[in-house]
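The chains carry the letters A, B, C and D, assigned in the order they are written, with residues numbered from 1 in each.
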Amino acid sequence: MTIEATRMSLAGTLAPQDYTASELLGVMSARLLKDGQTVFAGVGIPLLAAILAQKTHAPGLTILFEGGVIGPFVEAGKLPPSTNEQRCTRRANMLVSITEVLLMLQRGYVDVGFMGGAQIDRYGNLNSSYIGDARNPKIRLPGTGGGNDIASLADMIVAMKHEKRRFVEKVDFITSPGFINGGQTRAAAGLPAGGMFRVVTDLGILGFDAETRQMMVVALHPGVTAADIKANTGFELPVPADVTTTEPPTPEELAILRELDPEQLYTA
Amino acid sequence: MTPLAYSDLRQRTRERDRSLREKVMSLEEAAKLVSDGDHLAVGGCTASRTPFAMIWALVRASKRDLTVSRSIMSTEGDIFYASGLSTHLITSWFSQGIVWGVSKVMRAYTESKRARFEEWSHMAMGLRYRAGAMGVPFLPMRSMLGSDVLGMVSGDGEGPADASFAAAKTMECPFTGETLLAVPALNPDVAIIHVQRCDAYGNAQLDGLTFMDIDIAMAANRVILTTERVVSNEQIRRHPDQTKIGFFTVDAVVEVPFGCAPHECYGLYEPFYSHMDMYAEMTARDPEAGARAYLERFYHEPKDWADYLSRIGMAELLDAQRRGSGIYDD
Amino acid sequence: MTIEATRMSLAGTLAPQDYTASELLGVMSARLLKDGQTVFAGVGIPLLAAILAQKTHAPGLTILFEGGVIGPFVEAGKLPPSTNEQRCTRRANMLVSITEVLLMLQRGYVDVGFMGGAQIDRYGNLNSSYIGDARNPKIRLPGTGGGNDIASLADMIVAMKHEKRRFVEKVDFITSPGFINGGQTRAAAGLPAGGMFRVVTDLGILGFDAETRQMMVVALHPGVTAADIKANTGFELPVPADVTTTEPPTPEELAILRELDPEQLYTA
Amino acid sequence: MTPLAYSDLRQRTRERDRSLREKVMSLEEAAKLVSDGDHLAVGGCTASRTPFAMIWALVRASKRDLTVSRSIMSTEGDIFYASGLSTHLITSWFSQGIVWGVSKVMRAYTESKRARFEEWSHMAMGLRYRAGAMGVPFLPMRSMLGSDVLGMVSGDGEGPADASFAAAKTMECPFTGETLLAVPALNPDVAIIHVQRCDAYGNAQLDGLTFMDIDIAMAANRVILTTERVVSNEQIRRHPDQTKIGFFTVDAVVEVPFGCAPHECYGLYEPFYSHMDMYAEMTARDPEAGARAYLERFYHEPKDWADYLSRIGMAELLDAQRRGSGIYDD
């Protein structure tokens, strides 16, 4: 048990009713980021979680935003509505064009890509473009933005709500490629680098089998059972016998999150 | 939208007056540089440095059948559809902004197939403009491969479902044998870009985020700059390394204070959030009727740009300005 | 006769002994540049001549230097030793990277490319790389610099000394392509744009036949005969019957040149 | 010199410590980042922002068998040959400068075939670095075609005479069918770049001409920055849009005043013309003996960089500085 966790358990461990699902997502995904890493963060929870990581265990985390921002310190209470406004640039080390910051992914300068997701399948493919048939869609979604580029070129962490309609056997449309059809199909498509590393949900943390590239459970959040997570997933999801349980959010982490996003732009 | 033959690209550029000359004019005069059916590229990104004053003038001039491209589209995309200015947008992401949810106006027009939203990856948009800026018909890249985003615009095999979409083609690298994606150049007929300041010749200095604007200006066949301020050429020449868009690409300069309202202009004003919320509310229940009402009140009725700003409101403008200059507080 | 020429002839016309060959080159090539044009100027006489044009009949001439300079006003007496030093940038409109300024040529923003030459052939191909066989050269020259790019992508003016050893049947090495083997061979090689427009020498002004693309005389400088120019050319050079004679340099032009280059860096 | 496979390029980058960390060191320590046999890219152009202090340190550390690339080479090219540091230079133009005539040292080494001068067009050099910076194995361009410059490095048909030269390949555009030239990426092992100022992490702000330096920094596998001044990270963060080279590309920061002498550093000092004339004179009659004598006196004998500058001379330094700051007089 880390010193921090010890301190928390002395102060009284938080229970699920003490935080929202979005707050849980923010905290759990922030913890996956390491000090000294370079993380390309999408809008929403990723933006929030990256800033939280920077303010806790990873002060030397370099955040990249697709607006062209390298190494900023976004101010608490002034979250931007996208990764393309001036609020993203506060105390940045460098500003470049959009094309340049995306090319940093292609050149290999980025350790982790970090985005949200609307729909994901067992191979970690993400859909943010169409619900239903793309040529005759039920719902037209906003589309890829930098998502396709990030997922094509970096090791990925995805943060999203765990619902059966979002965790599907096969996404309606591959906006951002995971492991495509599993095995070596990603590299065969011309994507030899990057790929899904972790999916963080409000139920647990998921990884991918090194061979088949199918999604599996790595850890469950406090109070979540293997049956819960399977019931909320639209495909067969293996839960290893030795699955671990995550440490609940600490009061400190939650306090920072709430200070960051007092208007609940991203944590409602 | 397929790349121009080089001789055509050169011919179009040769015919332009690229000399050092004054080109300050009104929004209405600048609007005449845009013809129905043109490909219009829009500078800025999402709610940043959107050239809203020029868009406002184009809507008022009743332009039609424009193909409009931009890195990422926000509320201006709704305006393009709802005003009838365009039924074909090319971009990587399109909605008011993640905090407002999926654009209901976009959904209404695209799901009913009255309008198209042609989707490319963000980097593909950037490299397509860059290819256009460089005078080459394509650039190679390493994303979109293996995705359905490529599937919708692929020129491999049978080609895209709709032939008027541009095509991207996979290729084998002549050196490494790797699979790469060749994305075709975009050379827009007209680009509209808003800047913090430029001189009467069109030498523009940008603060903060430049998005894809520099490539767009080089790629386009005509460029309309709107600017918060026109400064002297002397001032530009004192810091030539700060000039980001050169006069030789520019055909019109229009001075329009708060020319991005209700979006932001780096260092000067942030988005007009209350107005953005109001717009989202107006278009929430009946998106088309709401957008029409918005257009009537803010695009057609105002007698001029100052009247448009008045309708947004003085208190909101002052608040946006206070927040905007805050980026320099540290 | 122009007003200016009239004034000069009243003041007494200058004779060849009043100026050096380099000064003649500078003046004659400056006159070919038009106000409002964009000219990509190489180092040496072109740099000097472009500035002279700007200070006389073409105040709105936009000069580009390959160092990344757009629209400068170089100061008299402070000529740069190449097109890559800060003296090139004085009062410029814009500075960009080298690659960017060269891409302006490729994009088609440049009206005229303007360079010097060491060796030229009947199709306007230039050599500044090797004397003798390139794989076993007698003399290794400095090479192309931006020359190849300029000659490949713009309408060209070349300024050079008229000597038989420089005007050869076939250059030892095509550094900067003219019309290659004449006719349509330039376009066939992948160069549909640009090509040689004029060669300015200390004997006359040369052009190229619209069909064959062979060099021919357009005008002779004062005191130069058709026989003179043929005798100094290493290939058959047609001189049309109606060939014109250029106006000699004016005292004003020479005064400006000498003020620009008091140390005779380029006009010795 | 053929482009790296993408997996190799990614692997090399992954192994670097790209985190935000201090990396200030001495010239001697920085020299250890260069290994014999490396491909070394040199920032600046001709007599501008040449990282001479770093070159001086590499000569003193007796580096060998480097392949050295640069946009245009001036006297540092002579130094590379004469010191034995390199017998293979890749550039578009190589001589002290047009006003000093053809470099006799270059001629002596190349005509006797003891050293190679691999010639590419200026734009090809720029696009090769840019391809490396972008993480693609080539970029398409429209010059060099039809010339013997291409002939010497062409990979079409039988390929170049000397297989260790990189190859360029003609290709057909997949969209327009036009002939284009594909030039292969350069990803140098080490880049050495001199800047006016940077912070201890390597965030560099450049004034004036940037040449190919930004692409070189992005393309290289290691970057050594020499700088006139180390400034605080706070100062950098006040104007992030002025940062041209990002810390994440940089492995060493060395503070060296007058680090380009006898060449220029924009806005601070012009070339040391008398010294350049002296060098030309020393190498005029017997180029090799002259260059050896020059190396002895200015490279091997000085006890440190200040001693090197002393030997060039105080009066000359003050004059170069006076002329250098003159660019801001208008």
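Here, contacts are C-beta pairs under 8 Å (C-beta built on N, C-alpha and C of every residue); 3 or more make two chains touch, one makes a residue touch a chain.
Everything numeric here is computed off the predicted structure, so don't read it as measured data.
Asks: If we define chain centres by averaging CA atoms, which chain lands farthest from chain A? Would you check?
Replies: With centres defined by C-alpha atoms, farthest from chain A sits C.
Asks: Calculate how many whole Å lie between the centre of chain A and the centre of chain D, each centre taken as the average of the chain's C-alpha atoms.
Replies: Going by mean C-alpha positions, chain A sits 41 Å from chain D.
Asks: Counting in whole Å, what is the centre-to-centre distance of chain A and chain B, each centre being its mean C-alpha position?
Replies: Whole-Å distance between the two chain centres: 29.
Asks: If you average the CA atoms of chain B and of chain D, how far apart do the two points sit, in angstrom?
Replies: Taking the mean C-alpha position of each chain, the two centres sit 38 Å apart.
Asks: Residues of chain D touching 2+ other chains?
Replies: 6, 135-136, 141-142, 178, 180, 208-210, 237, 241, 330
Asks: For chain C, write out the residues touching at least two other chains, lowest number first.
Replies: Residues 69, 89, 91, 95-96, 103, 106, 192 of chain C each touch two or more of the other chains.
Asks: If every chain is a node and every touching pair an edge, decide which shape results: line, ring, star, complete or other.
Replies: Other.
Asks: Determine which chains touch and list them pairwise.
Replies: Every touching chain pair, ordered by label, is A-B, A-D, B-C, B-D, C-D.
Asks: Going by the contact rule set out above, which residues of chain C touch chain D in the complex?
Replies: Interface residues on chain C, with respect to chain D: 43-44, 66-69, 81-82, 84-87, 89-91, 95-99, 102-103, 105-106, 129, 134-135, 137-149, 152-153, 173-177, 180, 185-186, 189-192, 265-266.
Asks: Considering the complex alone, what residue numbers of chain D touch chain B?
Replies: 2-3, 5-6, 135-142, 167, 169, 171, 173-176, 178, 180, 182, 184, 207-210, 237-238, 241, 330
Asks: So in the complex, the part of chain C that touches chain B is made up of which residues?
Replies: Where chain C meets chain B, its residues are 35-38, 60, 62, 69-72, 89, 91-96, 103-104, 106-109, 111, 192-193.
Asks: Which residues, counting only chain B, touch chain A once they are in their complex?
Replies: So the residues of chain B in touch with chain A come to 45-48, 71-72, 74, 91-95, 97-100, 102-103, 106-107, 110-111, 117, 119-124, 126-127, 129-130, 141-149, 152, 161, 170, 178-181, 208-215, 264, 266-267, 270-271, 273, 276, 324, 327, 330.
Asks: Okay, in this complex, where on chain D does chain A touch?
Replies: My answer: residues 6-7, 9-10, 13-14, 17-21, 133-136, 201, 203, 218, 233, 236-237, 240-241, 243, 246-249.
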